[in-house]
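In the two complexes that follow, chain A is the common piece, with chain B as its partner first and chain C second.
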Partner chain A sequence: MKNLARRIFFALVTFVALAVVSFIGVDALPGDGCTALLGRFGSAEKVAECRRANELDKPVLARMGDWSLALIKGDLGYSIKRDLPVADVIVPRLRNTAVMAVVAALIAFPASILVGLRLGRFPQSRLGRVTNQFSVIAMTLPEFVIATVLWLVLSIWIPIFPGVNVVPSNATILELLPNVWLPALTLAAVIFAHSMRTMRASVMNVKGMPFVESARLRGTKEKITVRRHIVPAAMPPVLNVIAIDGSWLLTGTFVTEAVFNYQGLGRLAIDAISDRDTALILPIILFGLAVYLIASLLADALVKIFDPRQRNAE
Partner chain B sequence: MGVDATSEIVELRGVEVVVRGVREGARPILQSVDFRVAQGESVGVVGGSGSGKSTLLRLIAGVVSQGLHLQGGSVSVFGKSILESSAQEREEMYGKSLALVAQSLGESMTPHLTVLSHFRDTVGSGVANEEVLRSLAEAGLAGEKYLQRYPHQLSGGERQRVLLALALIRSPRLLLLDEPTSALDVSIADEVLKTIKDLQTRHRFALVCVSHDLGVVSQIADRLVVMAHGQIVESGKTAQVLQRPGNGYTQRLVESIPKLDRRVRQAQNNRVETVLESRELTIFRGESTRAIDSLSFEIRKGEVVGIIGESGSGKSSLLSAICGLVPIESGDLRFRRDQDLATTLKRRSPDLLSSIQMVFQNPDDSLNPKCSVARSLGRYTNASREEMVSVLSSVGLDERFLSRQPSQMSGGEKQRVALARALLASPDLLLLDEITSALDVTVQAAVMKTLSNLQRDLGVAMILVSHDIALIASFVDKILVLRNGQLVEQGTSAEIVESPRHEYTRKLVSIARQKSVA
Partner chain C sequence: MLGNPLASLRSQRIKPLVLFTIVFHVFVALLAPLLPLASTDAQDSGSLLQGPSLEHWLGTDSLGRDVFSRLLHGGRPSLLIAVIATLISALTGIVIGSLSALAGGWLDDALSRLIDFMLALPTLILLLLISSFFGQDPVILSLALGLMYLAPIARVARSTTQTLLARDFVRVARLQGAGNLAILGGEVLPNVWRVVFTEVTMQFTWILLAFSSLSFLGLGASPPTPEWGLMIAESRSYMTLNPILVIAPILMLASLVLAIQALVDHE
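And now, the complex of A and B:
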């Protein structure tokens, strides 16, 4: 447990350090909330007045202090441009991205483990080789190509899903659901290929280990050998990939959301950057950071379930 | 046991195994091998690395290792051609009719499962704890505490016993053992062998035991089969093969069993100059474990000291401290009376560094695989070609080796190069850490002979660490016996061999004696 506490502590330190760097970085970008609001034609006096009103004329460290204190109290800040609290803008978008991420994860991860196991056990089967080739293609193609192909096939040629999302960001989940499929399938294709190939490689590695042959030569039934000896030993690398891919589902969906006009966090991030709404950019960056840190902590904890040697190392 | 034609359970005829995809004419892994095992018989298969002995054993279990191909001959086990049987037929067969226990390197147990889970997976989830406990107890592990242990919580000997119990719980009629003791300490290996022998007398299964160590197999086998280069070169009753080896290779194998002799050479009185002196030396392993606990000894110029100890005895920690790889906790360690060895590598003078040289256990790890011999030798020593050739000849290699890469040399040749590299620095003290344990027995004997010549010609002081008392007794002046970091006994080679005082030393000596007469 001491080890876990230390890991959490270091994750927090990393988070704070990166938060400071991000704050300074975003601050160094040209423009702020007031230039965003007043646009290119805002006179110098108006901008200065707006900055005074919103306390943007304070030195950067003072603003960072104010901002962090507010953050600790649960206040994400205020978007001057959108004239809304940041939380009100982000939360619905975050929910939309989360819905999409969960759908993609449910499609991709269980399937990737099952298929990866099958392919790892029989890498030379014809189906195995074909699937493996396809997954290489899915991994190397840019998402917008996969998105376009899926859109062509599943929306134009066989019109199953709506091609472009027209529901607003605050629609109910039920209204949202028909629009989730295409972006979720796009993301699922990418992460399926990733974790399936990791599982396949891991199974191929583990099945050649002495303890697997040893179990077989003792007369352990094949089903049990696979389920209890091979799979748990093959899981750790896959869990790490799942952690990274899972984080990416929540934070790296800019392209896919843009293609389908899906009103999620990625779409919002692009909008925020293009209209220089700095108040929005920072929380989105920090959210991404937190997701990655938590996911890697979770992956480490999960690996311990499969590996008693690591459990004892604590 | 009578070898009756009808009671044969294993029959290999004219077996040829080759590496898949290699051109005609390449040496096969197994070549016209005929091999039989009768009901209840115990057969030992001996050979060096690359002799094909493990391939043979696995073939009996119906396993052809990846990359190999059975080109000809037949393998029949219990009257069935095992290589043609289906996966299901084999699943039925393994455990019930035959079981194989692979090399005891600690990788044959599934790392994430407890001992009890191993049994449940093998026998079925309904197996009663009592049955598991009985089976473990027969293999020499008494107590429920073992059931919930993971493999990494067991010692090497305990793991080997669990694997034996697992193999035997469903009473197979044939047990196949691959190097059952090669990863174990001498005294543990001896106990495990006794257990195997006991189990065999009790359950009367047939046994095929493969080992590089003639001493090991001759203790449990009725019949010996000697293999070299993929062929069976000799076969016969154990006692007969040992006493009248008919084949040249077998002869060498028998001769290279270390005989427990004391050193003949008289200790010379003129050795007064102290090379290394240790007073109350304590070395820690990790934060608080004492790897070496207040050890005192002395080595004089030209003296050869043997350190005997099993894993965990602290012998490697001691060598590491002498050559500066690990720090000293307390006590005094002096080199040539005036130099304090309490400093680690970085603080030592170049002169001191070259005066103490170490040769490591495994030459594969200590020679850079990408460097030719000339480069390995010349890299830090600036030795001329003549010097290199002369040092190579002193370890029994010639000029042609200068251009070889490690991958082009055998284990024994690589270890000789590592030795030559240490000698190029003209050391006053040579530290040798189990330098023959990774080598085949016949090669091991040759390397010891080279060491002996070197010592005679150069008069360099040596510390020779080993787990095998028989191997070094005839070569060293003095023996220190270490156990759990403490000096159990120290004396001249003759004193230790002929009148060991401590109980532990007596045990080691008696095991060594058993093996050398076996």
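And now, the complex of A and C:
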């Protein structure tokens, strides 16, 4: 428990330090909300007036103080460029990314555990070797290549799914669902490969251990040996990968969303960067950091809960 | 574990296909400007989106440019940037990692903490920011990529150095009166390099793919430069009319990256 408290404390310190660095970094970029709003045609007086009106003329540290106080109260700030509170812009996009992430996770994780178990038990089977080769390819190729290939095959050659996404960002989930498949399949291919290979390696490692051997020698049925002994012992590293990949599903989807014009957080980040809308960029970066740090904490905690040796070690 | 990387590569019986693919890509990247190819920018407005022909071996793109010539030139920008960025990240990563392990104490703690911070940074969004706000300058981009990908190399270099420092030949050097710097140069670095080689090769492919992804998003190589990621992005709208336009650069990029991975994959 003491160890857990220390880990949480370190994660908080990391978050605050990176938040400060991000604020100063984003602030140092040429341009702010006012130049973004007024564009290159804004005269110097207009920009100065806009900066006074939005309190952008204060020193960096004062603005960082105001910004973090507001953040603690739950106020994410205001996008001058879009003339909307940041939360109103981000929340619908976050929901869209979450829908896509859930679909991808439901496709990939159960399948990866089942296939990984099978391949770990019979690694030399021909199907096993072929699946393994394919997952190496899926892990190596960048998402824009996987996405384009899936689009070409599943939307143009065999028209099953719609390709480019024309649904507005505030569509209902039912309107969103037909368009979620191709981006979700792209993400699923990447994380399936990752967790399947971890499960396969873990099962191969566990199945030769003495406690599995002893279960077999006691005459336990193969089915029960697998369910009661191999799977529980093989799960901790896989849960670790699932936690980290789950955080990636929420924060690493820029390219996939850009390919399919899916109106999620990643697409918004790219738009905000090209609009120079710095008020949006910072919360998106911090959201990514927070999700990553929470997922790493969760990954460690899961391993501790499911691995009795780790539980007793502390 | 500490063998010579080239010797261990030789002993692994590299598949001829892998070797051929890598040699092919190196030759094409180096020799593309010398080969008798059509110009990469010449627009033939009479033949847009044409299929393969004797004049244009892989057809033409939406501006009537020769796809075959653009394809052979298309690996050069990413390879050049990836080589420079990998050199930067390998050199700084190995030096930071080994120094950190060698120095120990508070400096080691501080550097390890810094590496942890860097691993938590969202790489792609930072690259997008840098490229968008400072222009698509190859020098800035290779520097940024190099610094961003040094953390994994530094981490491997640090743990390798720690195991090396406990070995007999380092102790012997110390007993012979060698200082920290002499040990770093004479004993640690030559051996660390052999282990870190695999990690560096992996980072090389990640950097290459990061730059390609950036180009695909319109923030890496700028048009009309022929670059595979950019070519895929430019041709996506014409996929139904002429799928070769996307399939060809995908095959080039995939074969290069998968061959490099196969070269270092020890499984």
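To be clear about the criterion, the second predicted complex is superposed on the first by the 311 of 314 C-alpha atoms of A that agree within 3 Å, B and C clash if a C-alpha of one lies under 4 Å from a C-alpha of the other, contacts with A are read in each partner's own complex, and residues count from 1 in each chain.
Assume contacts are C-beta pairs under 8 Å (C-beta built on N, C-alpha and C of every residue); 3 or more make two chains touch, one makes a residue touch a chain.
From a predicted model like this one, the values you see are computed outputs, not experimental measurements.
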{"item": "Chain B versus chain C as contact partner of A:I281, first or second or both or neither", "value": "second"}
{"item": "Contacts of A:A269 with chain B and chain C, given as first, second, both or neither", "value": "second"}
{"item": "Touching partner for A:R218 - first (chain B), second (chain C), both, neither", "value": "first"}
{"item": "Touching partner for A:A70 - first (chain B), second (chain C), both, neither", "value": "neither"}
{"item": "Partner chain in contact with A:A62 - chain B first, chain C second, else both or neither", "value": "neither"}
{"item": "Which of chain B and chain C A:A53 touches, first, second, both or neither", "value": "neither"}
{"item": "Per-residue touch tally on chain A - higher for chain B or for chain C", "value": "C"}
{"item": "First, second, both or neither for A:A233, with chain B first and chain C second", "value": "first"}
{"item": "List of chain B residues in touch with chain A within their complex", "value": "61, 63, 66, 87, 91-96, 99-103, 105, 107-113, 117, 121-122, 150, 152-153, 163, 166-167, 170"}
{"item": "In the complex with chain B, residue positions of chain A that touch it", "value": "208-222, 224-225, 228-229, 232-233, 306-309, 312"}
{"item": "Contacting residues of chain C [partner chain A, same complex]", "value": "116-117, 120-122, 124-125, 128-129, 132-133, 205, 209, 212-213, 216-217, 229, 232-233, 236, 239-240, 243, 246-247, 250, 253-254, 257-258, 261, 265"}
{"item": "Residues of chain A defined as touching chain C within the complex", "value": "14, 17-18, 26, 29-31, 136-137, 140-145, 148-149, 151-152, 156, 251-252, 254-255, 258-259, 269-270, 273-274, 276, 281, 284-285, 288-289, 292-293"}
